[in-house]
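Below are two complexes that have chain A in common, paired first with chain B and then with chain C.
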Partner chain A sequence: MAGVIEQIRNVCALGALQSVVAIERAIPIIHAGPGCGQKLWSGLSNGNGFQGAGYVGGHSVPCTNATEQEVVFGGEEKLRETVANTLKVMDGDLFVILTGCTSDIVGDDVGEVARSFRSSGAPVVYVETGGFKGDNYFGHELLWDALIDQFLEPAGKAEPGLVNLFSVLPYQDPYWTGTLHTIAGLLRSIGLIPNVIYGPGEGVASLRKVPKAQFNLLLSPWVGLKTVQRLEEKFGTPYLHYPTLPIGATETGKFLRAVGVQAGIPSETVEEAIRREEARYYYYVERSADLLFETRFLPGHFVTVADSFYALGLTKFLINDLGLIPEVQFVTEAVPEQYRPLIDAEFARFDEGLVSPVHYGADGGTVRDELARRTFRERPLILGSSWDRVTARKLNGYPLSVAMPVSDRLVLSRTYAGYEGALRLTEDIYSVILSSFQ
Partner chain B sequence: MAINLDITEAPTRETRLGSITGYSGTLKDLVARTGCGASIKNGDRTFSQASSCSSGCAQTLLAGIVDAAVVNHAPIGCAGDTVYHNIANQYGRFYREWGNKNIQLVNTNMEEQDTVFGGTEKLREGIREAFRRFAPKAIFVTTSCASGIIGDDIKGVISELTDEVPVPVIQVSCEGFRSKVWASGFDAAFHAILTGIVKPPVRKRPELVNMVNFRGSARAYIARLFGELGLVPRFVVPFATVEELATVSEAAVTATVCTTLGSYFGTALEENYGVPYVKAIPPHGVAGIEAWLRGIGAAVGKESEVEALIDKERAATDADLAELRRRFKGKRAVLGMGPSYAQSYLGVLEELGIEVLHAASWHYDPRYDYGEQPPAIVRAASRENDITFSVGDQQLYEITNTLSRLKPDLYFSRHPGSSVWAAKLGITAVPVIDEYTAFGHRGLVNFGWRIVDALTNRNFVTKLADRVKLPYSGWWYGQDPYAFLDQEAV
Partner chain C sequence: MGLKHDKVVPGREDRVAACMAHGGCASGMGKQDKICLKNNERTFSQAGLCQLLPTLGMLLTLPDTAVIVHGAIGCGSTGFGMNTAIRLHHVLRGNPNAKDSLWFTTNLDESDVVHGGEQRLEETILTVAEKYRPQSIIVLQTCTPSIIGDDLVGVIEKVRPLIDIPLLYSHCEGFKTKVWATGYDVAFYAIVHGFIEKDKEGPPPKKGPRQPGERPVVNVINLASMGKPDEIEIERLLNEIGIDVVIGPNFANRETVRRMTQADLTVSVCPTHDDYLVDYLHTEYGIPFVLKDMPIGLANTRNWLLDIARHFGLEKKAEELIEREESKARQAVQRFLPALKGIKVFISAGEFRAVVTGGLFQELGMEIVGLRSYHHDEFGTEFYEQLVRAQQGKDFPVDIANFQPFELINLLQKVKPDLFCGHVYDNGWAAKLGYPTITIFRIFDHYVGYRGFYEVAKKAARNLRNPSFQKRLGENVGSAYRPEWYQQSPFAYIKTDASPAAAA
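Right after this comes the complex of A and B.
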C-alpha cells in the first residue's frame, strides 16, 4: 500500500487527458465529476511552467460534469449525449473519452458508448482512467493501449528511416515540447525521419503514421515499454529501448550510436554528426571552464527530486560531464516493481565508478526528512520541483526547478536534452548560484 | 431558514438556496423570476465543458490557514489544485514578509484496493501523518468523489483518533459530484470552521471587523479606511491562524469583499453569536464601497465618521473618474464572473461609463442564507435598460459564441482559464484576478487606468488572434449560444 503524499509531483491516471491535449487536433472528452479537468490542468499545465490551455485544454475540454444523478442512475446516457454534441461543436480529428472515479466506480459501460460512435464512422476511442487506478504515468500507458486497440490501423509496408519517438510525458514534463523537438533534431542529424506525435506539428496525422515506422524509439527508463511492446505485437515494429534521457556530450553520443546501430546507419555518418555537434558544444564548455575552475562559486553535492526520466538523465550529466558529486536522488513516480532493478542498475554505473543512492516515492515529506538528516559540507545543488525550494533554502542550497510542479518559471521551448540542452542547464545552474548573492 | 450548525455537512447551494447554473434571458427577467414568492428551475445542458468543483473552493480556503493542516482523502489527482494553492500561499507570504513555506496538506493517495475494501486505513494514516509532520492546531479532512461514493466513515475514523490526535479534526464534505455550484465548497469549508473551530465569545471586541476575503492584497488600504472609523480588520480565512478563527465570534461586525464567498459565514455568525453581517452590495466601485462602509458604520454606530470618510475619498478620486469616463465613451463590454462579481461589476462598469452588452454569471443564488435576493443584482436590475444575462458554470463554448456575435471592445472575467479565450478572439481581455480590483474609490480609479492601458496597446491580442484558431466548428458559430441549454421558456 502506497503511503500518503505531501506535495504532489504528478497527478492521477486521468491526467492522461493532457497527453491527448498535446496531440494537435485530438480532443479529450472527460466523463467525470465537474472539478477533475480544472484540477488536473491546473496542476500539470498552469502551475507547471505555465504551459497554458493550448488548442483545447483547460475549461474548453468537453466534460459530462457528472453529478449525483449520474452516480446513482449511471452516466452512460449523459456521456452519449455529450459525445454526440461534442462531434458537432468541437473541431477535431480524434476524440478520446477519458473516465474518472465516478464513472469507474459505478461501472458505466463506456466501451459500448465509444463503439457505437465508432461504428457510425466517428473517430471516438475510450480509456478508463479512474483516478484511483494509478498515477498519470500509468494513465498515459493506458491511453496508448486504447489508441493501439481502437484507433491505429495496420500500414502495410514500413517507411524506411521513419522513427516514432516515445519519451517524456507531455505537460507532466514542463520541458516536453523543447525536448521532443531536440531529440527529433538529433535523429535528423543522422539521417532519420522522426515522427513526433506531440506538440507543434502534424498531430493526429502523425499518430496515424505510427504503424508505418521502421522502428519505435523508446527514450525512457520504463514508461512506454508496454506501449512499444504492444506495437511490436500488433504491427511487427521493432523497438529500441534507450533508458536515459541524453543530456550533454557523453550520453548524447552514446544515444546516437545506439540509434545508429538499430537503424543500420553507417557508423561514419553517426560519428561525423557527433564530431560536428561536439566541436560546437565544447567551444562553449571551454568558455565555462574558467568559471568552474577559477571562482569560489561552486555547488556542493547535488540532489535530484524528479521522475525517473530526469533523475537519471540529470544525474548522468552532472556526474559524467559536469564532474559533480551525487548525494542522493529521489525518483518520484510510481515505478512498478519489475522495472526497479533496471533503474537501480543505471544509478550504479556512472563514469569513474561512481554510484548514487536512489530513493523511490512521491512523498515530499520523506524527501524533506531524508535531506534534513544528511550533512552537507558545501551548499548543495537541489534540482527538484518548486516545492523543494523551501527545503533548499533551509539547507542553504541552490534550488533549480526542473520537475513538476515548476511554478516559479515560465517554460516555452526550453529543454535540457541533447547538446544544446546541456549548455542551457549549465547556464541555469550557475545563474542560480551567481544570482544568489547579487 | 436558519443555518444549521448541528449537522456535519452544509447542504449544497442547490438544496439550501435553489441556486442554478443554467439560465439564458435578461437581467430583469432573472430578478423577477427569483423574487419573493417566485422560483426558477435550473436549465440543464446537453453539452458541457469542464467546470470546477466544491473541493477546490474548500481547499483554497483551508490550505491557507497558517497553522492548520488539510488531509485530502482522495486519489492523487484531487490534489492537482494544491499546486496553485501553494503559488497563492507563497505570493501571500511574500507580501506579508513571512518567509518561504509550503502549504500543509497531505493527500491519502486512494487506490483501487481502497475503493474495494474502503479507504479508512489510508485516512487514519493521513490524519496521523498530518499531525506528526505539521503539529497543526487543527486538521481538516476534505472528501472526494471516490471517498463519497464508496461511503468511507470519516466521522468514525475521526472519533477513533480523538485521544491520539489531540486537536480538532473536522470533516469537510466537498465531494465534486454533489453540487454543480463550486461555491458550495466555500460553505463546506466555513461549515467546518463554524462547527469545529469557532468558539463562543469570551469577551466582545467592539473594534474588530471579520473581513472575509481570499488573499488580502488590500490590507493596508482597508486598515487605513477602518482606522479612520476606529476599527481593526481581521482577514479570514487564508493567512489567518486557528486562534484568530476561533474568536471571530468576538468581533463587532462581519464584512466581505465577495458575497458569494462570505454570506454563509456572515449569516451564521449573526444567527449564532449576534455578530452583525453587512448585507450591502460588495465594495467595488463608488456605490459599492459607500453602501458597504455605511453598512459597517450602521452596525458599529459610526455613521457620521463614515460620511466624513466617504467625502474625503470622493474628493480624492472625482477628477480621475471624470477623466476615465471621458476616455471610455462609446466602449462596450461583456463580462463573465462568479455571481457576486458579475453583479457588482455591472455597477463598476457603469460608473466608468463602459456599456455592458451581456453579463454571464458562473452560477446564481436566487437568495442568500439570510433570506433575501442578492442586493447587487436587485440594484443592477433597477436600471432603466435591460441587458441579456446568462448563467453557466464557465461554459466557454457559450461565451465564445456570444463574444463572436457581440464583438465587444472589452471582456472582463474572473476565474483562471476564461479571459485568454477572449484574447484569442482578438478582444481586449481584462481579467479580475485579485479580489480587491476596483475596491473602493481609489481601486476603481486604478482599475480604470489599467483598462486604459489595456486598450492603448492591443498588439499582443490582435497579432495572436490573427494566428490562432479556436477549437469550435464553423457550425457552432452559426447556432444560438444557448442552443444546448434546456430551460423553461423565457
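Right after this comes the complex of A and C.
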C-alpha cells in the first residue's frame, strides 16, 4: 500500500486556505468543487480543538462550487464572476484565490483572472493548491510564494527592531494563536517589535509591513525556510532560522540568546529578561517537584506523534527539563528529503547523551504497528493526536492530545511554548496521570 | 431505472428536479415552474458541501467498517471528526466499546494524476481486507480519480471475488451534482448493492404473505443524524399499536439490512431523504410504503401514525394512542407556553425538517418569520402553504440555499426574529448577530413524536431565558460583509431563467 495513508494527520495543499483565514481581513476565494472548503475546515478547525469559523471561515468562504460544467468547459468565467461579486459583498483588504484539484487538472488560467483584477486595482492574488500537489505544509509555502510575488511591495528603509514571526501553521497547530502570542511576548521582553501576521491583531496591515522588518525570524524545523529565503532575495531582509519550538526554560533561554545576537541586543538586556522569567518559572517548577518526586507519579518512556515542530520541541523539553526518557518519536508531515539531516541533527542533541529514534511519515497505521511491537514495562506517556488515544488505551498509556486532530479538547488561547507554556504542559501531563485513577 | 439498475446514481437535480437557489415567500412555493427553479443559480456563492459528506455520514454508521477514500489526501479530512461523532452515537446507544472505523486515503499525488490510481486502489482494498478483516469495506470515489478516468467499478468487480467481505462503493465526486442530498441516494446504493444485490449469498427471496395473527413488521428508515432517543420513541409508538419495527439502514449490520427486504411496509421518517431506497424495496420486494410525513409536532405525528396504522387496519388503536399521548404532551408543555407565546422564529435546516419543525413551533403558539431550506423538492411543497394558513395567512420569506450565510445574515437583519432555530453550521452566524439560538436537533435530544414535542418546547424556553452569551457576542464581533450588502435584497445574487441576478 505504498503511498496510502491511514489516519490522516494533515490535509492537502488547499488547506492553505486556513492560513488565509488566519490573517484578519484577508479573504480566501476557493476555486474548487463544492465540498473542499467544508472538509478542510472541518478537519483543520472544527475537528481540531474546535477552533471555529472565525471572521470569514467555514461556510462563509467565497467559492465557485465548481460542477461538471466547469470541469468540462473550464471554470475561468465562473471564477471571474465569483471574484467580481466577492469584491462587492465581502469586506476585506486582501483576496486570495486558491484552486483545488478540479481546476488544476483541467488547467484553468487562474493567473490571468487574478491579474485582470489586480490591474484594475483590486488586491487579488492566486495560488494553485490542487490537493494532489502536496500536503498543507507544502500549500502554506505556496501561499507565501504567491504573497511575495503578487502582493508585497518593497518598503525602502527597514524599521529597526521590527521582526516578522514565522512559525507554526495556523489551524493545523491547534495551539497556534497562543503560541504566536507567547513568542511575540518573548520578543518584546528583549526589546524587539514582533510583527505577528496571524491571529488577533492587525492582519493584512501586518502582512504589508513584512518587507520593512529588520530581520525574519523562522522558528520552525524546516517549514517556511523557502519563504524567508525568498524574502531575503526579494527584499534583502536577513533571517534567523531557529529550528526548535522553545518549550521550557532551557530551550527558551537558548532561543532568546540566539535572537539577541541576531538583533544586536546587548547581552545584559537578554540575560536580565531571562533571569526575570526564569525566577517566576522555577517558582512553579519547585511547587511541582513534590508531586513529581514524592508521589512518584512519573510516567514510563514517552512517545510523541506530531509534526516536526512539536515532535522536536516537546522531546527537547521532556528530556532536558522534565527529565523523562524517550522511547520513539514520530514526525508526521511530509518532510522533504533535503531537510531531514537538519531535523535528525536536532534530535541527536539532547542533554545527558540521550538519543531517540525518529520515524518520518504520515501513516498512522505505521505508528500503531510500531508502538504495538514495542514493550512498555511502565505506562508510557503518549503525546499525539486524538487518533492515538486508542493506541494509548491499548498500551495502558497516558494520552495527551497535542497534534491534529485534537477532538477531545477545546483550545482557545492555550499554548505550550515558552516559559508559561511549559508550565501548562506540565499541568496537562500530570493532570492526565492524576485523573487516570480517580 | 432505479437503485437496482442505475449504473451511477443520478444527481437529484435530474432525478427529482431539486432546486438549490431560490428566494421568495412561503405562499409562492410550488407555484413556480419546477424546471425553472431547478435551473436557478448564484452569481456569488460561498463554500457549500459536496455529496461525499452525507454519503460518508451514513456509511460510517455501519459497524466495524474500513473507509478508503480514493483521491487526494484532503478529501479524507473529515475522517477523525466523523469518527468522533459516530463514537458519540454509539456511546448514547449503550455501546461504548464500539470499534472506530478504519480510515485510509489512497493519497493520490501529481504522478498518480498522470499515471492513474487504479492499481493503488486495488492493492489497498486487498491489503485492508487481509490485514484488518473489517465487517465491510467502503470505497469512496472523489473528483480527481474520476476526472483522470480511474474505473472504480472495474476495480471493485475485479477484487470482489477475491475477498469475502462486503464491498460498498460510492461515486460521490463533488463536482458531479449541485445537490448534496444526492449523497443519501449514493449511500443507499452502496448499502443495497454491497449487502443485498452483490452479496455473496445473493438477494434474499421475497417473503410470503403474513400469516393470520402475525404482528406486522415495518421498516423504519432512520437517518445518520438521528439519535437513539428518537428511535426509541418511534419504536415505542409503533409497538403500542401492535407493530414491530426494523430500524435501518444506518447503524445496522448486513443482517439487519437484509432483513429490511422481509418487512410488510416501509415507513419513511424523512421523505426527501428516503425515496430512492423506498422505491427499491417497493419495486424489487413489493413492499408498500408510507412516504409523506415526518413525525415532528402533534399534527404531523398524528398523520404519520395514522397512515401507518391504516395499512394494517389499526386506526382505532392508533387514534386511542394519539388522544392519550397528545393530551399528556399538551399538559406537559403548559408551563413553557407563556414564554413561547408570540415568539417570532426563524428556521434553517434541510427542507423537510425545517417545515415540520415550523408546524411544531406554531402548535406552541410561535410565529414563523423566515425559513431557510438547504434545497427544495416536491416533498416539501405542500407544507409551506399549510404553515402560512396556520398563522392566519401571515406570509414569510423563504431562502433555498446550500448554506450561503451571506443570504442568511442579510435576511435575519431584515426579519429580526426573537429566536433562531438552525441546523449545525447555522446557529453560529445567527449568534454572532446577537439572536438567541437553538439547534434544531441534536443526537442527545428527543426530537420526534410526543417526547420530542415536549423537549423542543423545553429547549426553546430554556434558551430564551438566558441568551446573554449571544447578546454579548453580537455586541463584540464584526461582520465580514460590506455595509452595502445589507441594503440589498438577500436574493440579489440568485439568477433565474426569467431574470439575471440584479446585482451581478
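The definition used in the following text is that the second predicted complex is superposed on the first by the 435 of 438 C-alpha atoms of A that agree within 3 Å, B and C clash if a C-alpha of one lies under 4 Å from a C-alpha of the other, contacts with A are read in each partner's own complex, and residues count from 1 in each chain.
The rule is simple: contacts are C-beta pairs under 8 Å (C-beta built on N, C-alpha and C of every residue); 3 or more make two chains touch, one makes a residue touch a chain.
None of these values were measured; they are calculated from a predicted model.
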{"item": "Side-by-side fit of chain B and chain C on chain A, or clash", "value": "clash"}
{"item": "First, second, both or neither for A:Gly47, with chain B first and chain C second", "value": "both"}
{"item": "Partner chain(s) touched by A:Thr64 [first = chain B, second = chain C, both, neither]", "value": "both"}
{"item": "First, second, both or neither for A:Gly35, with chain B first and chain C second", "value": "both"}
{"item": "Touching partner for A:Arg393 - first (chain B), second (chain C), both, neither", "value": "first"}
{"item": "Which superposed partner A:Leu342 touches (first chain B, second chain C, both, neither)", "value": "neither"}
{"item": "Partner chain(s) touched by A:Val328 [first = chain B, second = chain C, both, neither]", "value": "neither"}
{"item": "Touched partner set for A:Leu292, first chain B, second chain C, both or neither", "value": "neither"}
{"item": "Interface residues of chain A shared between complexes with chain B and chain C", "value": "1-8, 10-15, 27, 30, 33-44, 46-47, 52-53, 55-56, 58-68, 70-71, 81-82, 85-86, 88-92, 100-102, 105-106, 130-136, 362, 386-387, 390, 405, 407"}
{"item": "Chain A-touching residues of chain B, taken from the complex the two chains share", "value": "46-56, 71, 74-84, 86-87, 100-102, 105-115, 121-122, 125-126, 129, 133, 144-146, 149-150, 175-180, 182, 393-394, 396-397, 416-418, 420-421, 469, 471-476, 484"}
{"item": "Residue ranges of chain C in contact with chain A within the complex", "value": "43-53, 71-81, 84, 100, 102-110, 112-113, 120, 123-124, 127-128, 143-144, 147-148, 173-178, 180, 402-406, 425, 428-429, 478-485, 493, 503-504"}
{"item": "Chain A residues within the chain C interface of the complex", "value": "1-8, 10-15, 27, 30, 33-44, 46-47, 52-53, 55-56, 58-68, 70-71, 81-82, 85-86, 88-92, 100-102, 105-106, 130-136, 362, 385-387, 390, 405, 407"}
{"item": "Chain B partner contacts - residues on chain A that touch it in the complex", "value": "1-8, 10-15, 27, 30, 32-44, 46-48, 52-53, 55-56, 58-68, 70-71, 81-82, 85-86, 88-92, 100-102, 105-106, 130-136, 362, 364-365, 386-387, 389-390, 393, 405, 407"}
